[in-house]
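The same subunit A turns up in both complexes below, where it pairs with subunit B and then with subunit C.
Up next is the complex of A and B:
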């Protein structure tokens, strides 16, 4: 793992201009998110029943999730399709380590870790301003958030694995990205039908709003514990799906 | 499934069918195939049987699309066979057992595993970690490979800045870092100049000798195959059409020998034709084809009949032999 990290970093340092660009992009992303919130709360002091610090907590979780996605998921899972198309997937399958692990961790987009740093700063700013926050709530939030990341990984991984049949699936992940950016704001800020879609169709609400609710003690703990169960089930499903996909791997001809 | 201890590989009735989508050329064809895909089953490999002993080097010959690469991919566990049994070192490749993957390698001349933006050495270190090679072994192996392949100058250059030949040397070394016992080499010398081809060949021969490794090699360059392999397997249209040593292949598929003459005085083509089939007749230089069995007798008669300055008897070039073999094996199918 560390070697992959070091490799990715040095590969990215190879292209100096690109490096500077990607750091700037990170900060741009953060600015857009904060600006959105500041604008909202300039007009009113509540957003779907959430105060500014509470909504900031959601944004913090969003930035953390975004960082997880752009540091690990995006570079690796988008590459699956590319590797299937070019046939270099062969080399992953020839290595005596778990191929799913290898394709999921091979590349790390180190610079987008800045998203995580900013996310933590935002949470750190919001936390002391939230009277409802308890240690138990925070712990539960962390658990829910981790489960949510596992869910995102599993769903995305399965989507990318369809590349074994469809070869080009980049647009599927674009779609996911588009929907995911809605997670920036508390789910309650959206009309009811969008909220339902964000909770059940694409579980974006689970990633940001639900952990924030847990932290604020608004969530039933018994219900919340289902989250890791669902996450593990999805992870197992992604595993089975991967094994199944390998059977129909045809490898690009040489 | 058990294998005798000196056997490295055993294949029975190996078959692979692909479903492919067909598309008419042009945009309209693309649209049509997007809406309604027509698919067709291609039988890439049909019932291949093969046995290899430990330390054996075998060359796969065959035209493009004959099923050589597909066979190699099934032997290395990348593709799941449609049917048939494969046993490599006691493993079933499609299960991709870690111990199996640690003892084989697949080198593809057309695909690369080296990280494009980094020096080759970085890719080597990744492989060292993946294959869990300890530092002492790693250093020893690198020293050995460096001796034959002369890697020292190129390991620290970014892969994208290497020449094709340099890259191939690194690819090969990276793929053999874990000292595999079975090597699948799919056109390892494609696109390389003659010097580099010789280098790569030497390296493979040396590795085979030192490690007693089993090698299957496919190549478009006959020289690769003839230089390295005594045993040849010819694959055509997914079937093994010949399996034996190179000499037998030439004998079987070419019943003729070529006799080259340098005449001391001119002779008419008609007169030459009495001794054999005239391939070329250019002034005093003549090439005749004669039935293999009668070469001795005919050459003696020819020497008394004509004024000959020089005479050599040769087997036809291996390319011609292979070309003729495919022609012959295909003929009944088309008839």
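Up next is the complex of A and C:
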């Protein structure tokens, strides 16, 4: 894996202007969330029962998840579609390494770590303003966030695997981004039925709201237990889906 | 006169080709449409905020929020522009060269591509817009046909301005490799100052003053308010004048950048 990282890094340093681009994009991402918060809190002093620093914590987790997606997931998983189309997927299947591991870890878009930096800045700003924050809560939040990243990976991976049938699926991940962008704000800010959908239909709430609730010590134990269960279930599903997809892959020559 | 007729004929030919192109890719188009969720996310939160505040925020009830944000979504869909990405690819890979041999500025091909997309998109937009309007009690669009006529004019000008801004950003590729990231920023500024996040009346005064210096409020907030049936005719008239001014200025900028860029493009040996 370190080899892959080093290769990606040296390829990307060729394009220095992209660095400026990704920093700009990170600030853009966080600006959407911050502007939303400023407007909501300009009109009332609570957002679905959350204070400004609490909601900012959610935004911080959102930026960290965005960073995970753009650094690790997007560069790899979007290539699955391309490789299926061009037939170069064959090379992955021939190598003596697990193919799912290979297609998931080949490339790293280092520049988008800027999302993570921005996310940490937001969390760093919010943390001292949160009296409810405890070390235990923060630890639990970190664990729940890790489990959330497993969910995000599994969902992305499954969406990308549909490339074996539909070939052109870059847009499907766009759809994911559209839904996922609701995670910028606490789930409680949405009307009840949307909140339910964001928790149980598409697990967006697990990624940003649940870790933030854990950090604030207001998470109910049920959801804390559900998070790893959902994550493992999705991971297993993505594995099954991948092997199923490979069975219907006819490779380049046949 | 002959020149104008010839331009019209060329444009019609390109337009019908681009329309066929867009009809072929309609499945993809629907996915792109669904991914434009920001308006709906904001609608859901503002409605929920209005409920928590006892029915309204700054004069906006649930129904008014729903009408306004459906309006921003419809308008946003009509103003989707991707020309910067296409120019980026064409300039970097050199695909632009054969197009320069044609007796027509490539601008027209891109413009007809976008217009063809709008024609294919329109029925889907109308269908999807009905959902929130039916779901939220009391929400709805205006029934005055004159407003729709004026709306088409305002949105056509708005599209032209978005298109020219993105075209200029795309032309930056003659000088730099990361033009497309400017395109993302430009969308963000347009959405933020245009009023996709909230009706402009709810923005802080300082932000509103900045917004008024740009064409964006007249491209999103104004048409959305018109659809919701809340716009005064005086505002519409002023909006059209402001948009015309911006369109002229950006059209000139585009032409200057195009000329300068082509000289540079030739210089790298293409």
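Quick note on the criterion: the second predicted complex is superposed on the first by the 246 of 254 C-alpha atoms of A that agree within 3 Å, B and C clash if a C-alpha of one lies under 4 Å from a C-alpha of the other, contacts with A are read in each partner's own complex, and residues count from 1 in each chain.
Rule of thumb we're sticking to: contacts are C-beta pairs under 8 Å (C-beta built on N, C-alpha and C of every residue); 3 or more make two chains touch, one makes a residue touch a chain.
If you're wondering where the values come from, they're calculated on a predicted model, not measured in any experiment.
> Tell me which partner A:242 touches in the superposition: subunit B (first), subunit C (second), both or neither.
Neither partner.
> Tell me which partner A:61 touches in the superposition: subunit B (first), subunit C (second), both or neither.
After superposing on A, A:61 lies clear of both subunit B and subunit C.
> Please indicate which partner A:96 is in contact with in the superposed arrangement: first for subunit B, second for subunit C, both, or neither.
The first partner, subunit B, only.
> Counting only touches as set out at the top, which of subunit B and subunit C does A:153 meet: first, second, both, neither?
In the superposition, A:153 contacts neither subunit B nor subunit C.
> Please indicate which partner A:3 is in contact with in the superposed arrangement: first for subunit B, second for subunit C, both, or neither.
first
> Based on the superposed arrangement, let me know which partner A:111 touches: subunit B (first), subunit C (second), both, or neither?
Neither partner.
> Looking at A:178 after the superposition, I want to know if it touches subunit B, subunit C, both of them or none. Which is it: first, second, both, neither?
After superposing on A, A:178 lies in contact with subunit C but is clear of subunit B.
> Applying the document's definition of touch, where does A:194 land relative to subunit B and subunit C: first, second, both, or neither?
Once the two structures are laid over each other on A, A:194 reaches subunit C alone.
> Is subunit A touched at more residues by subunit B or by subunit C?
C
> Using the superposition described at the top, list the residues of subunit A that contact subunit B and also contact subunit C.
In subunit A, residues 15 are touched by subunit B and also by subunit C.
> Given the complex with subunit A, which residues does subunit B contribute to the contact?
18, 69, 73, 76-80, 96, 98-102, 104-106, 108-113, 115, 117-118, 122, 125-126, 129-131, 158, 186-187
> Okay, in this complex, where on subunit C does subunit A touch?
Within the complex, subunit C touches subunit A at residues 28, 31-32, 34-38, 41-42, 44-45, 47-49, 51-53, 57-58, 176-178, 180-182, 184-185, 188, 191-192, 197-198, 202-204.
> How about subunit A: which of its residues touch subunit C in the complex?
15, 17-18, 20-22, 24-25, 28, 31-32, 35-36, 38-40, 42-44, 46-48, 168, 171-172, 174-175, 177-179, 181-182, 185, 189-191, 194
> Quick check on the complex: what are the subunit A residues that touch subunit B?
3-4, 7, 10-11, 14-15, 86-88, 90-91, 93-97, 99, 102, 246-251, 253-254
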